[in-house]
Amino acid sequence: MNSAVIADTMNKDFVLAVEGLTVSFDGFKAVNDLSFYVDENEIRVIIGPNGAGKTTVLDLICGRTKATTGSIRFKERELTKMKEHEIVRAGVGRKFQNPSIYEDLTVFENLEISYPKGRSVPGALTFRRDRAVKERVQEIAETIFLADQLDQRAEYLSHGQKQWLEIGMLLIQDPELLMLDEPVAGMSVSERKKTAELLNTIIKNRSVIVIEHDMKFVEDIAHKVTVLHQGKILSEGSMAKVQADPKVIEVYLGH
Amino acid sequence: MFADYSLAELGSIFVMQGFAGLILFSVFVLMALGLAIIFGQMGVINMAHGEFMILGAYVTYFTSQFFLNYIPSLFGAYFFLAMILAFFAAGALGMAVEWLMIRRLYKRPLDTLLATWGLSLILQQLYRTVFGPREVGVELPNWMMGSLPVSEMVEVQINGLFVMALTIAITVAVALLMYKSSWGKQVRAVVQNRVMAGAVGIDTEKVDRYTFGLGCGIAGVAGSAFTMIGSTGPTSGQLYIVDTFLVVVFGGAQSLLGTIASAFTISQAQSTMEFFLSGSMAKVLTLLGVVIILMLRPQGLFVIKVRR
Amino acid sequence: MSSDKDNSNKISSTRRKLLMGIAALPAVPLLASTGLFSTPAMAQAPATSAVNTTGLAVTDTEVTVGILHSVTGTMAISETGSVQAEKLAIEQINAMGGVLGRKIKFIQEDGASDWPTFAEKAKKLLVNDKVAAIMGCWTSASRKAVLPVVEQYNGMLYYPTFYEGLEQSKNVIYTGQEATQQILAGLDWVAKEKKSKTFYLIGSDYIWPRTSMKIARKHIEGHLKDSSVVGEEYFPLGHTQFNSVINKIKLRKPDVIYAAVVGGSNVAFYKQLKAAGIDLSKQTLLTISVTEDEIDGIGGENIAGAYSSMKYFQSLDNPNNKEFVAAFKKMWGEKTVIGDVTQAAYLGPWLWKMTVEKAGSFDIDKIAAASAGIEFNKAPEGYVKIHDNHHLWSKARIGLALPDGQFQVVFETPDLIEPDPFPKGYQ
Amino acid sequence: MIKSDRTFFLRPQDMIGIAILAFLLIVILPLSLDNFRLQFVGKYLTYAFVALGLVLCWGYAGILSLGQGVFFGLGGYCMAMFLKLESSSVEATKIQTTPGIPDFMDWNQITELPYMWQPFNSLTLTIIAVILVPALFAFIVGFAMFKRRVGGVYFAIITQALAAIMTILIIGQQGYTGGINGITDLRTLNGWDIRSDSAKTILYFVCVALLLACILIAYFVKSSKLGRILVAMRDKEDRVRFSGYDVANFKVFVFCLAASLSAIGGAMFTLQVGFMSPSFVGIVPSIEMVIYAAVGGRLSILGAIYGTLLVNWAKTSFSESFPELWLFGLGGLFIAVVLIFPNGIAGLWQTYIAPRLGPLFGGAATRRASPPATPPAPPSPSAAAPAAAE
């Protein structure tokens, strides 16, 4: 891993530095010796065919899956050794592919639970719904177009609204690195438009990693694109550069 | 403790103790196999497993009574018929239960636990009302009793051999059924992806019903075989339930091989400890050992790592 | 709610119908005409106010007693026989004119194999129903739960089961054997008759087997010549795998296997013993936990050749017993078997009746005081007598188990053995 | 704007519910039942503590423990040990070889009070032990298992095995525990005779008071953010984890809380019934206690109390009149509550009765979010399967 030496001097500026990352499931390497770096305030889009290991990369970063070898550093902190909740508290937020919200709770309660206070057992017991909490929830709810749905049980929201709610639940934590897994999948055209607008407002002052299939959407938002194939980086760079790469055309865009 | 015995004596005792361990192993496998299919393949926790076993035992009892009274000349062979009848009786009851109850609960595994517990209470009382509260004595054909002298010291129990042979036969049959037959493929397909399996034309409801029936049927055969070594009464089924579940869970729930390996581990541990310690302590230590290992390695002994 | 609830009758009649096709039997005055029991003069029934000064449920024509056993739950198997015996005795007593000129009416309650239920029902019988006596309990645990209640509310309990001893109460008459009565003579017999020197003790893991084995060990080591215990093992209740201990037995080659295994374990133990090639006609086995009732489940062929140490066997050859067995079968069906505890339960109502008549009163304190010295000549087991410590003097007997499920009595002590619930030197 | 704007942890309809229950237990039942029946209710209420714990642990957090009898027993045994020591004074036990120790120890050749019995000479230490010993045990079990993400079915089976182990141990170690007979013949509490009718009536009211206090605790937990986290966890455990919570800690907490509640019930049981035995520790009582919560409604705190009372009342009256039918009834109840009315009495109430009462409570009842039609689907077996390996 000779890149590590170089990286050591370089990654001061990177928010996230992934180096030599490998994970294998019973011998099958879902992610294989992967390295990439994300800058401050950068929007990185990861694309790739099904089974390329995109979601696994997010799983590895947020601690859901443990790496076999390699390192993930976030603002100089090694994430591979940390537990999921510690990673979240360090400032990494993750949205799942399917909307992952609490259907039995109201929108307000969904957001309140995500509010980064009272995260310990005693903290949760003594947590008060004070003015600061309510104002913050209200503010986020307006951002995600759900201000008039606060008392609605989350299960009654539409698919798109659920996606927004989950984004809101991340937003309320104000993470420095936001990871979104197919945020516009299954949305109607109008919802997609609104989502793009939402993303454009929330990406300010943070780095974002997005997995997306919708090329139009990718083109709209990406600063830099990483193409994954069979657990490895096939190509990396601007959208234009990636689109011109013959390897990419062969395995992904061309098929 | 061995100072007083000659080497030959010690040798033969260890042989016999090993054999005792193997019998216990066979008993565990037989108990657990039906449950492993139901729990491992379908995710249903059948707390009434013991009662299905006891149904098999009662069937055996009535078959023996029938032979004694009407065709005593064939008494020596009744046990084979009894096992077949036990399989179908328990299997049929299992399918009925699946249809009436279990199929509504596939999405709620913890609730199957409660519902089947209720079923076990009902079956116990049903046995008590119909067959009487006392245990019944199942008379065995003479050829199944006693033991074969291998050497002067070493004797091998015939019913032990019988249980072992039966265990091997049923295990092989189940393995063939699950891994070689097209039906087995359907079962595994349903386990892995119910929706997909339905979409490609597998009748998932039928597969579920027969799988559950098969598991219960095997429990019935096990119960039939256990009339050789245990009691047959309305509440006898309760004696097996904890051991059975631990064997299945310890084996990692999803693989047949895991169940067998776990039955082997637990039976050997228990029978060895029983030899050196008192019975109660051996039991406590075995259970405790299993529980502690499960706490440290909750996925059980054998589990396939999967990508989520 | 205090009506006669004849539950065990229902259960057993269901079974009888199933097994034999005989409908429920009418209640028949069984012994009245035989002249075996002396009939007290009916005309002399004393005034209620004189015989009942503490407000028990005694009227001019009736006296109420309680029957408290498990009709449901795991213990129903064992306790059914006791209920049947107690009902038989009550019926016979009534046929003879009752107690002090009053018919016995009984209230049956179900302990449901649950010890707090036993305590509650005992309290109900004593407080609400004001019964004059309770025939009941089977397990030690149920008796331990009931004991404080009968002591607190001053009742009288007739307890039928052979048990571990270590207890004595003004309010309890123990009609079964305490441990030393059951154990010592049996051990002496096996030492003398079988020239046994080495013993292997095996029991279920709870208080009765453990206490019994403690007494047995003390006797073997302290009182039998050159004898020793070569193994002592306990298994959890409900244990079903005995192959390892059977191997140990084979290794130690004891002269006697001394067994106190109970319940479902019993069946497994004897079946596996037989399967392991231990021939009970060659290997002496003496048990203190197998009566005719247990053999029903074990199967006669699996235990034939074993010896059981009890005070009563159904096959006992004396006129009292023949009379009793015939009456019992007439009332409860030809196929029912009668074990040691069933007979002891049968004694309860009789002993109470005789005590009441001796005391001339139903008052509990007077009965408790009058109990000592009560003699019963017509007991199926033979003559018995209540000791000052409220246990019975009784003989010890050894029975040889036969393939048909009965015992052949091979030995009985010439004299009655004194009950000794707190045996010196055995604790 | 936000309607869910309450500052107090009890909603108006909760207060009405608690008041009705309190009125029933404190006024109606004592006035309408004789002493004998009232003591039954007192005994049932001790099981209600367990059901209450199960509502939090199973209903809200989705953790089904089949070993609650262990905690009930631990609490009960702690109390029984204290009472036994008090009734085993040197004078009361002078016929023993070693006076001053419990009778069953004397029978088992134990000649001095075992180390683990020593603290139970003090009532203060005993009360502390009643609450802390089960909580500690639950902490060890819960910590080991939840940190490794054991859940669902696996947790249920392992707790069931623990109940089996505990029973065998208590029965086997009879010199220290009283064996299968349990610890019996308990007479006085600091000199106060607990066997008299007046004492039992007082203990009944103590039990009711403690139960009401525990109900308030349960409501407090439920309405705190922790309560919502439990529901969230049951629904989407990963989402909670990725919102920065250490999920295992919350599960351990609620499991310990349920254990302590059960133990308080056990201690009250010992006081009211007068003994403790291993028959309350094993698998069968543990599962029966689950059905109390299920009948009441696994998501309803007050429902658990009514469920417990109803099932036990049915059990007592059934077994008095049709003993052989009782198991059919109980078994049928298990099946019916799972198949037909998974939210128990509380579900029926909320679906059929509460809407009609709505106007009476000034709309309070209608604001209660409609209950989920089916109980929350627990994670599928594969998801519930521990995932520590990855």
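Read from first to last, the chains carry the letters A, B, C and D; within each, the first residue is number 1.
Just so we're on the same page, contacts are C-beta pairs under 8 Å (C-beta built on N, C-alpha and C of every residue); 3 or more make two chains touch, one makes a residue touch a chain.
Per UniProt, the chains are A = Urea transport system ATP-binding protein; B = Amino acid/amide ABC transporter membrane protein 1 (HAAT family); D = Amino acid/amide ABC transporter membrane protein 2 (HAAT family).
Note that the structure is predicted; figures quoted are calculated from it, not measured.
Peer 1: C-D versus B-D: which interface comes out with more C-beta contact pairs?
Peer 2: It is B-D, judged by the count of C-beta pairs in contact.
Peer 1: Compute the centre of every chain as the mean of its C-alpha atoms, then state which one is farthest from the centre of subunit D.
Peer 2: Following the centroid criterion, the farthest chain would be A.
Peer 1: Taking each chain's centre as the mean position of its Cα atoms, how many Å separate subunit A from subunit C?
Peer 2: It comes to 75 Å between the two C-alpha centres.
Peer 1: In angstrom, rounded to a whole number, how far apart do the mean CA points of subunit C and subunit D lie?
Peer 2: The separation of the two C-alpha centroids amounts to 38 Å.
Peer 1: Measure off the straight-line distance from the CA centroid of subunit B to the CA centroid of subunit D, and report it in whole Å.
Peer 2: Spacing between the chain centres: roughly 33 Å.
Peer 1: Need the CA-centroid distance for the pair subunit A / subunit D, whole Å please.
Peer 2: 43
Peer 1: Could you check subunit B for residues that touch two or more other chains and list them?
Peer 2: In subunit B, the residues touching two or more other chains are 128-129, 280, 283, 305, 308.
Peer 1: Would you give the residues of subunit C that are in contact with at least 2 other chains, written as numbers and ranges?
Peer 2: Residues 11, 205, 234, 236.
Peer 1: What positions in subunit A touch 2 or more of the other chains?
Peer 2: 64-65 - these are the residues of subunit A that touch more than one other chain.
Peer 1: Considering the complex alone, what residue numbers of subunit D touch subunit B?
Peer 2: Going by the criterion above, the answer is residues 64, 66, 141, 144-145, 148-150, 152-154, 156-158, 160-162, 164-165, 168-169, 171-172, 283, 287, 290-291, 294, 324, 326-328, 330-335, 337-339, 342, 374-375, 377-378, 380-382, 384-390.
Peer 1: Which of the residues in subunit C end up touching subunit B in this complex?
Peer 2: Against subunit B, the touching part of subunit C is residues 11, 14-15, 18-19, 74, 76-77, 80, 205, 232-236, 238-241, 243-248, 250-251, 264-268, 271-272, 274-277, 293, 295-302.
Peer 1: Any idea which subunit B residues touch subunit D in the complex?
Peer 2: Touch list, subunit B to subunit D: 39, 43, 45, 101, 104-105, 107-111, 113-115, 117-126, 128-129, 241-242, 245-246, 249, 253, 280-281, 283-284, 287-288, 290-291, 294-299, 303, 305, 308.
Peer 1: Report the residues of subunit D in contact with subunit A in the complex, numbered from low to high.
Peer 2: Within the complex, subunit D contacts subunit A at residues 1-5, 7, 220-221, 224-226, 228-229, 231-232, 234-236, 238-247, 249-250, 253, 369, 372, 376, 390.
Peer 1: In the complex of these two chains, what residues of subunit D are touching subunit C?
Peer 2: 36, 39-40, 43, 95, 97, 103-104, 106-109, 168, 171-172, 174, 179-182, 184-187, 195, 273-275, 277, 279, 319-321, 323-324, 326-327
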